[in-house]
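Letters A, B, C and D mark the chains in the order given here, with residues in each chain numbered from 1 onward.
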């Protein structure tokens, strides 16, 4: 019933999420932190595809990752880059 | 930023992204997607051109006045589509009870009010993203030196 | 021991809690305002992960009807549609927070919370 | 009980002297860890993940999945939920976007 390889993939994706969240906290350069946050959002979109909700995955990939990263980069270009 | 590769790539790719965005908006009742994701894709393509060239070229595609009119018009169209239900005698935002033709399930023109409201939402979200981006990246004065 | 088995079986919820805790710690300990905004986004996403994981069933198909509902097992469409609203609201909140950060930078010349406190104490 | 107390005290000393944290950092980690600890009790009380007999699968999703096409004509049930069954929610969401733009313009374009 439960496919073992799919479970392994899910666990790896979730592990990647946690690693990205810790990396965002540790990176001192704000632009790098924003890029790592974008990869966090894309992995989250894949997780939602794994949870069988493709609508949420598309909205997350377009709005939660694309537009949020765009606004963050715009704000960083108006302020300073180092933390 | 004066990068030839980024400019040529974004100029080539932007129309395809816009067609994909319109596809996602109009197929919201048949496949994953809808007004929010399709509008975000469409708006992001407009911002992509503005980022790879400069803000003046981006503002030539959709001016600020047009964006604000489209944004208010999207919300207004949503409300008017809802008020059709009240005018007919059903509830606010009614679909089948308000007499919208549901069509044949699985066809392109089907699902009555859902199709109309999704199109209005897509227009609204796309112009919202463009307006938010320009307002954050522009300076205090409108002709600022922001790049 | 029984509790541990249940926690391992519900690993999606545990990851959601872990992300919430990491985001909260980042928000508490870092003084850069933009990093606080990013951490708030991580906390948002963890709450969405919790909700969407509640509606999942093993072997469930995506809620796009291709066969009658008693033949195929579908996942619950309700948490997904509620969280779709939440993502858009999170983006709106992020935009407003970033506009406030840009305004603060224009006024104080920094986005660091400790430096802003220092400037305010010297005024 | 004494074991847990011993582990907490040992963790405080380890964080204080091995990781060279300030006292404020130690207390932040303790607070956040306490929150996560109580949240994990909630996880242990929750129904098993991925079971079709969970309490969330009540009559409301059954109605949406069963009668959705006849009611709205849309194949995508998420779309029919957000734009037909709960359209007022989406109208409020559009209002949130509108208010966000108004707030951003009022914040950044004022003097």
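Operating definition for what follows: a contact is a pair of C-beta atoms (placed from the backbone, for glycine too) under 8 Å apart; a residue touches a chain by one contact, two chains touch by 3 or more.
What you see is a predicted model; the values in this text were computed from it and never measured.
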Query raised in the report: Relative to chain B, which chain has the most distant C-alpha mean position?
Result: D
Report summary line: When B-C and A-D are ranked by contacting C-beta pairs, first place goes to B-C
Query raised in the report: If you average the CA atoms of chain A and of chain B, how far apart do the two points sit, in angstrom?
Result: 24
Query raised in the report: For chain A and chain D, what's the span in angstrom between their mean Cα positions?
Result: 16
Query - Intercentroid distance (Cα basis), chain D paired with chain C, Å - result: 6
**Report entry** Residue numbers of chain A (touch at least two other chains)
**Finding:** 53-55, 59, 63, 67, 71, 74-75, 78
Report summary line: Where chain C touches two or more other chains simultaneously, the residues are 11-12, 18, 25, 29, 53, 55-56, 58, 60, 62-64, 79-81, 84, 87-88, 95, 98-99, 102
**Report entry** Residue list for chain B, restricted to those that touch at least two other chains
**Finding:** 31-32, 34, 36, 125, 132, 135-136, 140
**Report entry** Complex interface listing, chain D residues touching chain A
**Finding:** 76, 78-79
Query - chain B residues within the chain D interface of the complex - result: 28-32, 34-35, 71-72, 74-75, 78-79, 82, 92-93, 95-96, 102-103, 105-106, 110-114, 117-118, 121, 124-125, 128, 131-132, 135-136, 138, 140
Report summary line: In the complex, chain D touches chain C at residues 25, 28-29, 31-33, 35-36, 39-40, 43-44, 46, 48-52, 54, 56-57, 60-62, 64-66, 68-69, 75-78, 81-82, 86, 89-90, 93, 96-97, 99-100, 103-104, 107-108
Query raised in the report: Given the complex with chain B, which residues does chain A contribute to the contact?
Result: 54-55, 57-59, 61-63, 66-67, 70-71, 74-75, 77-78
Query raised in the report: Okay, in this complex, where on chain D does chain B touch?
Result: 69, 71-76, 78-80, 82-84, 87-88, 90-91, 94-95, 97-98, 100-101, 104-105, 108-109, 111
